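If you scroll down you'll find the structure; I have some questions about it.
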Amino acid sequence: MPAPDNRAAPSPRITLHSLSKFFGRFIALDRLSLVFEPGEFVVVLGRNGAGKTTLLRTLALLLLPSEGELKFDSHPASRLPHSFKQRLGFVGHEIALYDDLTAEENLRFFARLYGIADGPRRAAEVLAEMDLAQRAQSRVRNLSRGLKQRLALARAWLHQPDILLLDEPATGLDAPTRERLHEWLARCHQSGRTVIASSHDLAESLRPATRVLLLESGRVLFDGPNAPNLAEELRAKLVTAAREGAR
Amino acid sequence: MSAWRVATALLRKDLRAEWRTKDVSTAILLFGFTIAVSFAFAFKPTPDEARLIAGGLLWLGFLFSAVLGLNRGFARETANNCLEALRLAPADPGSLYLGKLLSNLLLLLLAELVLLPVFGVFFNLTLWARPGWLLLILLLGTWGVAALGTLFSAVSANTRMQELMLPLLLLPLTVPVLVAAVDLTTLLLAGRPMSEGGLQFRLLAGFDIIFTLLCWLLFGYVLEE
Amino acid sequence: MDVGLKHLFWAFALFWLVHAGYLLNLSFRQKRLADELRALKESLGRKGSV
Amino acid sequence: MSDSTYHRVSLAVFAATVALLLYAFYQVFFIVPTEVKMGVVQRIFYIHMPSAVVSFNLFFVVCIASIGYLKTRRLAWDSVAVAAAEVGTVFCATVLITGPIWAKPVWGSWWAWDPRLTTTLILFLIFVGYLMLRLYVEDRNRRALLSAVVGIIGFADVPIVYMANRFRGQHPAPVLGGGEGSGLAPEMLTTLLWSLAALHALGLLLFLQRYRLEQMRTEVNELYRALRA
């Protein structure tokens, strides 16, 4: 995947202030207070159900917090205009693409929703960037899991957002493609964008990130700069947390 | 302007996908046809009786098959959680509603035009004596059903009992449409002057305008989580 | 007159049946929740004292 | 509302309701003169019509509370909406039960397609749908949002349903509908007003109990969360 353009994007600073999200009796996020500086590359780790997805979906403005506040620069998320969503790109668990349209048609459709001036050209560009050009005319239904995931990334990248929010982006990708995803993310990061990606695989996903956030039961268990051998330390923390939880 | 861009993008996307899979149209047409046949067996009316009851049967058939079609139509947005991508887009939810409404309306109208002759044959009706009026009644009635149906297909897609919730909510709310459209169709079939249906026309138009506006305003809340 | 009285009786009887039934239903539901609340408060107290 | 004020208020409402109901029923059975044309069965009117008014007012509350929820996102508004909707549906049911019982001896048929009663029937179905919807949405906020939308649309539909039924035109003219020059005798009007007051008090009583239930449910959820935290 070639380099993203080198526009130095003035990403907004993201601030969470005592933010909680409840689903009925379940606490998905428990009074999180965090700041994501512009241009950070954060990897969010944690076991299934730790709150990674909820955090990313809240940042993508897909979920309303139950309590607390989310701000982009000084603007509360609840008062942002629809046009602000231009600056966010998100890939979730499901690919959010239409099965019965081709890869290219999907991207052209979303290009129109985002009001991209030359939609067809941009769609072709992004397809090439994600190595999907030769499958452009295949219907999504007929793509393999890995190709679908790449197309979902292409959709999120179509409007060149300042903030990339990726929920387990490496799902379904084979080892070489995963490697290229990491390179691509690193380049997105170098162009000044904020990248926040989640993963449940400690060792694999750590390399390109600058900051590591470990969640457990909706709370922060570890938050600090990336370092070699961090994975071992995090694993130990998780084991301790699990032991305490069982008590 | 951007609202129109979004609405037409959604409309084109829906029509293209429908052209390929024919999900919605098969649902409406097959169900509508089955209903027409069942009504014909159940009632076997004489020509005079047919003119009196055909309006009601026709609209009941349309309404029930519309419920099926609307459910299928929104299933396209929930598959792969495509709705999420729509919610991520910097588009006003009102324009998403309009796009969805237009595609539903178009598909329902086309299906109704195919189903009309079926009812015509079974109930021995002369439907095309005043085609302009017939089309107007069809348009106004179907618009009302589609306006509410588009919103409620999104509502019911969020519940555990999807297929059941839509008719449960939609059918009582569209009683005015049913009443007015049936009255007008009966006038038409009986060969009476359409000026007798002034009140019904006004009611249908009022219903369509009020609920298109209201649903346009409220659609954003349905998409939220 | 006779028929009228019968209908009058049934109308009032059913009216009260519905309302009394609903009030009873409400109090059952409230009671169940009150029990649940009490149990929860107790276990919360235990948890706090540990 | 704290627990003790809540108990005081609900006791006061309960006492007022009982007193008002007793007085209103005394009026209905012992004071008001028997209507000439319809006979003794016309006394059903004094619970039938006020019940319809109460349920209609409660559905109006649903609509207002729904708008309130969408504007403020406070779940208390949603609790008001669901309480009003449920009690309103119960009153609606009594209207639908007493209506035919009254209609049979007077018009000779149980269901005479009176536009008001027909509208009430549709209203009943709409709000049964509203309550069903709430049953099948798990998430509290999601449930509040979706049902607020249904509540607003459902209420907006009522006048249109009424108009649609009015020009169906094969029903007997409403002989007694309160107003429209049907000429209520003064005693009848007083009795009607007392009944209206009494049934509104009953409505308020049931509403407060139902609201209380919803608050308890919220509290249970909060405690469960506190227990996990």
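Quick notes on this structure:
First chain written, first letter: the chains are A, B, C and D, and each begins at residue 1.
In this section, a residue touches a chain if its C-beta (ideal position, glycine included) is under 8 Å from a C-beta of that chain, and two chains touch if they have at least 3 such contacts.
Just so it is clear, the model here is predicted, and its values are computed rather than measured.
Of all chains displayed, B has the C-alpha centre closest to the centre of the whole protein C-alpha set.
If you average the CA atoms of chain A and of chain B, the two centres end up 39 Å from each other. Chain A and chain C, compared by their mean Cα positions, are separated by 49 Å. Inter-chain centre distance (chain B to chain D, centres taken as mean C-alpha positions): 31 Å. Per-chain Cα centroids separate chain C from chain D by 17 Å.
The multi-chain contact residues of chain D, meaning those touching 2 or more other chains, are 138-139, 141, 224.
The set of chain B residues that touch two or more partner chains comprises 224-225. In chain C, no residue reaches two or more other chains under the touch definition. Applying the touch definition to all chain combinations yields A-B, A-D, B-D, C-D. On the side of chain C, the complex with chain D involves touching residues 1, 3-5, 7-8, 10-12, 14-15, 18-19, 22-23, 26-27, 29-30, 33-34, 36-37, 40-41, 43-44, 47.
By the touch criterion stated above, chain D contacts chain C in their complex at residues 38-41, 43-44, 47-48, 51, 87, 90, 93-94, 97-98, 101-102, 104-105, 202, 206, 209-210, 212-213, 216-217, 219-220, 223-224, 226-227. By the touch criterion stated above, chain A contacts chain D in their complex at residues 22-25, 27, 30, 64, 66, 217. Remark: chain D residues 73, 138-141, 221, 224-225, 228-229 touch chain A in the complex.
By the touch criterion given at the top, residues 2, 5-6, 9, 12-13, 16-17, 20-21, 76, 79-92, 224-225 of chain B touch chain A in their complex.
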